[in-house]
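Alright, structures below, take your time with them.
First subunit A sits with subunit B, and in the next complex the same chain sits with subunit C.
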Partner chain A sequence: MSVKYIVMDIKDNCATALEDIEEGEEVDYNGIKFKINQPIPLGHKFAINDIKQEKFIKKYGQRIGIATENIKLGDWIHTHNIISYYLKEVLNQ
Partner chain B sequence: MPNGYMGKILWIDLSTEKLEEEELSEEIYRQYLGGYGLATKLIYENMPANTDPMSPNAIFGFFPGLLTGTVAPLSGRFMVAGKSPLTKTWGDSNCGGYFGPEIKKCGFDAILIKGMANNPKYVTIIEDERQIVDASDLWGLDVVQTENMLKDKHGSVQIASIGQAGENLSLISGIVNDKARIAGRSGFGAVMGSKKLKAIVLKGTKKIEVADKDALIQHTKDYNEGINNATAGGIEGYRTLGTTMGNEILFQIGDTPCKNWGGTKEEFPSERLSKISGVEIDKYKQKSYGCFSCPVRCGAIMKVPEVNLEETHRPEYETCASFGHLLLNDDLMSIFKANDLCNRAGIDTISAGATIAFAIECYENNLISKDDTDGLELTWGNSDSIIKLLSKIINREGIGDLLADGSKIAGEKLGRGSEYAMHSMGQELGMHSPKYYKNMGTTFAFDPTPGRHTTASLDFFVMGPIIKPNGLFEGITLPKKFKRPGEDRSEAEKLFTAIMQFTHSLGLCEFLYVFQKYPLLELVKAVIGWDLDISEAIKTGQRIQTLRQAFTLREGIDIIKNKLPERTVTVDYLEDYRGYCEKIGWNPENGYPLEKTLQNLNLEFVIKDLY
Partner chain C sequence: MNEEFMGYERPNGNVGIRNKIAIIPSVICVNHIAEQIANKLDDAVAIKHPLGCGQFGPDYNNTFRTLVGLGSNPNVYGVVIVGLGCENLKSRILAKNIKRTKKPVESFDVQDIKGGSTAAIEHGLKIGNQMRGEANELKKESFDFSNLILGLECGGSDSISGISANPAVGIVSDRVVELGGTSILPEFTEWIGTEHLLIERAINENVAQKIHNTITGFIENLKGLGIDFLGVQPTPGNIEGGLSTIEEKSLGNIAKSGKSPIQGILDYSEPPKTKGLWLMLEPGLDIESMTGLAAAGAQVILMTTGRGSPCGNPIAPVIKLCGNPKTCNWMAENIDVDASRIIKGEKTIEELAEILWLKMRKTLNGQQTQAEKLGFDDLAIWRNTAAPFQYMHCK
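Take a look at the complex of A and B:
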């Protein structure tokens, strides 16, 4: 497969793996090369920017969660380092 | 008063205009549940083999699940079931929205239709008052117009109706509720149209008793809290983009077919693909909505002024794939338009798009010309022609009449081009490739309802919690790497297929498998009071699947000889199927359930029909 990940929207700070990506594997996003820091299973997210604690995780161009710790470029993003933004978003409507 | 279910069903005979209630025993519910479990039992026993599905003797019905109508999460679904006029096999089609729960609120676990009216009719069941009403003024209207007129007349009611496609007996037509939710597969719009039944109108306030209300509320609260706090498992995607979140991803991983299943990624490159992405579609969203009792809410109302759509529904992934990727069509506006036309006319978007793909490939290969297409230039990605052709199919105008019954029949009538018809026994394949999901070929070819992607494909859910180490249920461990070619998947297929029948018959949305662990048996206990263990759940699922299979076999169909179009598959799906048959006690040579299997599943009444 030629493309190993997809970024859903230009405003996103995470990508979605289109196949299993191994730890240490080098990927290229917008001309910037970086290494994947943990194994990323198919369908899971990883950071394409550094994301500071309490900042939003953006996917589909929308806020889907809040970082619970500092997330580095290439880090796996999953339930261990983000919380949902959904209820806050709904309550704000 | 039973818990969870209502204890009776309603028979509507359109020939005699009689409506009769029938009470069912708890034993039947326990063995067949609701949904297509109950449907198989009732229709198998009441409709003889080889009944013409569009004759007065044919029976079809609406079957909510056993949990439907309660607050149990994701439980608002129902099945339309009977004999498919498209495949001539067992047919079923699953649908969400608010119609299924209303059947229960009217006091029934199923509504079955038989007979045939002389003139267009609709049926009202409003509280305890039931009527068969003249529908002459509704005939010819689309489903949105129909729902609006009926709501003006009857107030706040739930409606299932057919549009022009069903009236025109298109074999790829469906039945629509909530103005855009369609039981699209298997061709039941034509069955309803053949009976001249335009609509069913429901309003009920009957209470569904539950065994343990506190437990039901607690399990529901816990599950919904998990969904609301989820940051993974695809939930955020479904909630944001609905199924269109797959428009790009599924194509990139090799799942979504393109160019009538014969194209390559290079023929629909990312700059074109991105024009029909879920993110692009989301720009037209006005608000999200969900089915009854669903915390995810993957539906959306859209406004698309570019094509004069003030209020329309978000196209599903399947629709985007069949009118987008499959036709090499990156004109998003045409996909919105096609979706709206199909929903209003009540035609299955998968079959409609795939049949247009067939026509385009015939045109591109000079098997048909402008003389045949009423002047349309049927080239790949020609969105103007696609929309015009769709309108012709809906109205059976010109070449549309040839195509209105799907690609298989069109090829046969045309006398050429059948190699471009991507179907299984007449039903166009769902928009998921067996080249990617290795088990999908087995499902497409050999499920008792051929061509459907939602019935039982194991690999479809590889990313969901069902394959996590703890599994979906206690006591089930599926092989972690079962998706990989060359491994024996038969044991996993056996379990998963049974679980799918079980959950569908409870009225649950199958997306529950991709979200998070669902308290399935706990909810059955809370709602109905049955202390089911996993082995009984699996046995029940096997019983339902085996009876679906028996229905199709009793029609004289040699299902094991069915073949999929070569370009859609790579693995030996027949070998997989034979392994599955062995595991569940069916004859691997012909797919017939063994006599001892039928006895073990309390299906002795089937033996005389198959042996």
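Take a look at the complex of A and C:
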């Protein structure tokens, strides 16, 4: 069993690192092996699917934000490539 | 599987998992008298609080509802109310309202007793001893989970709680709801950013509107006071820890409520009207929150803590769950369930939820929690007239 990351819900398109993961490290999710494209510190997220710009990032099976650019499998996901759906669309800020 | 727990049936049909005598001062001025009565009785708790006089309007109502709720909680066999005599929160009116549960309730005012505080303590002890004797005669019986109200709490959170301990609590909460029971999620300030997701779980349009009004009302109050809450969320520390958006941060918190449909929003200390998952209006201080949960009738509280917290509650046992390995080690005596096995990769969230479920059943059946063993009985009543909450109401 891999202990490097956790996926909170089957609908999710991102995983959360349970330890620091190095760039180039190989992980597998659901039998698919892929490389991690940037360093992922503990508690940070990476993509477990390709995610197109404007699509939702899902964690806990829920929308946690919108992709501001195309995100590739294994990419680090954080404030540089996603924004809050809540602030942008719900509160229009 | 036989999903039942052992408890004490109360005269109104509610089920307690403890058999306490509550000594409730109607006003702060007699806290020490209540405390000294409780200290001399077995399995008695003094509900010490700093209020009971100089209060009016919604502030009075809120304190009154909370004290009535704490006395009415089924973990309490009987109640001795100690008044001073000149306060505006009257001991006999408090007694009258708790008596609606048909449990034994007695009240007296210290100013009516010749001999001062010593005589008042003796008087209270005499009543308390009588109740204790009756309470000890009661036998436990087996009850199903429709008789349970579970409180959900988190305090001293870190970046690990939201991906380990909180979702494990969510699984247990969903299971209580599936078995016909009730669960309550307080701390509305930690729903902000997820209300559009909570609204999707509301059982009807009316409940959805209340959730919306509660959160937008609070954000408007803050704006009126010149406070930019959302401009600083998530905090720089949150971002460093990996949280990217306000909704991700709050989702970690509301993960404790699982996936169950939301029946409605309760006022602070208001008992749920039906079974199922409820939200409760409360701003997020752990002790106020757990006091409100116990006053709403919760018999047991699950509390996740990442950085560690020792606190307990005088009425409802508090089961602590911690996802952080260092805290589990450093504060072992304050933690009931070691959830750090999730991030160590030893257990899945589902497996940890099963461990928590078994621990909760043992607690329901009488096993003491760490906070109970240590005698921690923290209590605080939220004063919802204080700014910026003064215009908050969920109706």
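Details
By definition in this document, the second predicted complex is superposed on the first by the 84 of 93 C-alpha atoms of A that agree within 3 Å, B and C clash if a C-alpha of one lies under 4 Å from a C-alpha of the other, contacts with A are read in each partner's own complex, and residues count from 1 in each chain.
One rule holds for everything that comes next: contacts are C-beta pairs under 8 Å (C-beta built on N, C-alpha and C of every residue); 3 or more make two chains touch, one makes a residue touch a chain.
Quick caveat, the model's predicted, so the values are computed rather than measured.
Contact with neither subunit B nor subunit C is seen for A:24 once the two complexes are overlaid on the shared chain.
Shared-chain residue A:43: touches subunit B and subunit C both. Of the two partner chains, subunit B and subunit C are each touched by A:86. Touch criterion met: A:6 reaches subunit B and subunit C at once.
Of the two partner chains, both subunit B and subunit C are touched by A:16.
Here subunit B and subunit C are compared by how many residues of subunit A each touches, and C touches more. On subunit A, the surface touched by subunit B in one complex and the surface touched by subunit C in the other have residues 1, 3, 6, 8, 16, 18, 42-45, 57, 59-62, 64-65, 78-79, 82-84, 86-87 in common. Listing the residues of subunit A that touch subunit B in their complex gives 1, 3, 6, 8-9, 16, 18-19, 42-45, 57, 59-62, 64-65, 78-79, 82-84, 86-87.
Against subunit A, in their complex, subunit B makes its touches with residues 228-232, 234, 236-237, 239-241, 245, 248-249, 252-254, 270, 277-279, 282, 463. Considering their complex, residues 159-160, 163-164, 167, 193-197, 219, 230, 239, 241-248, 251-252, 255, 259, 342-345, 349 of subunit C touch subunit A.
Of all residues in subunit A, only 1-3, 6, 8, 16-18, 41-45, 57, 59-65, 77-79, 82-87, 90-91, 93 touch subunit C in the complex they form.
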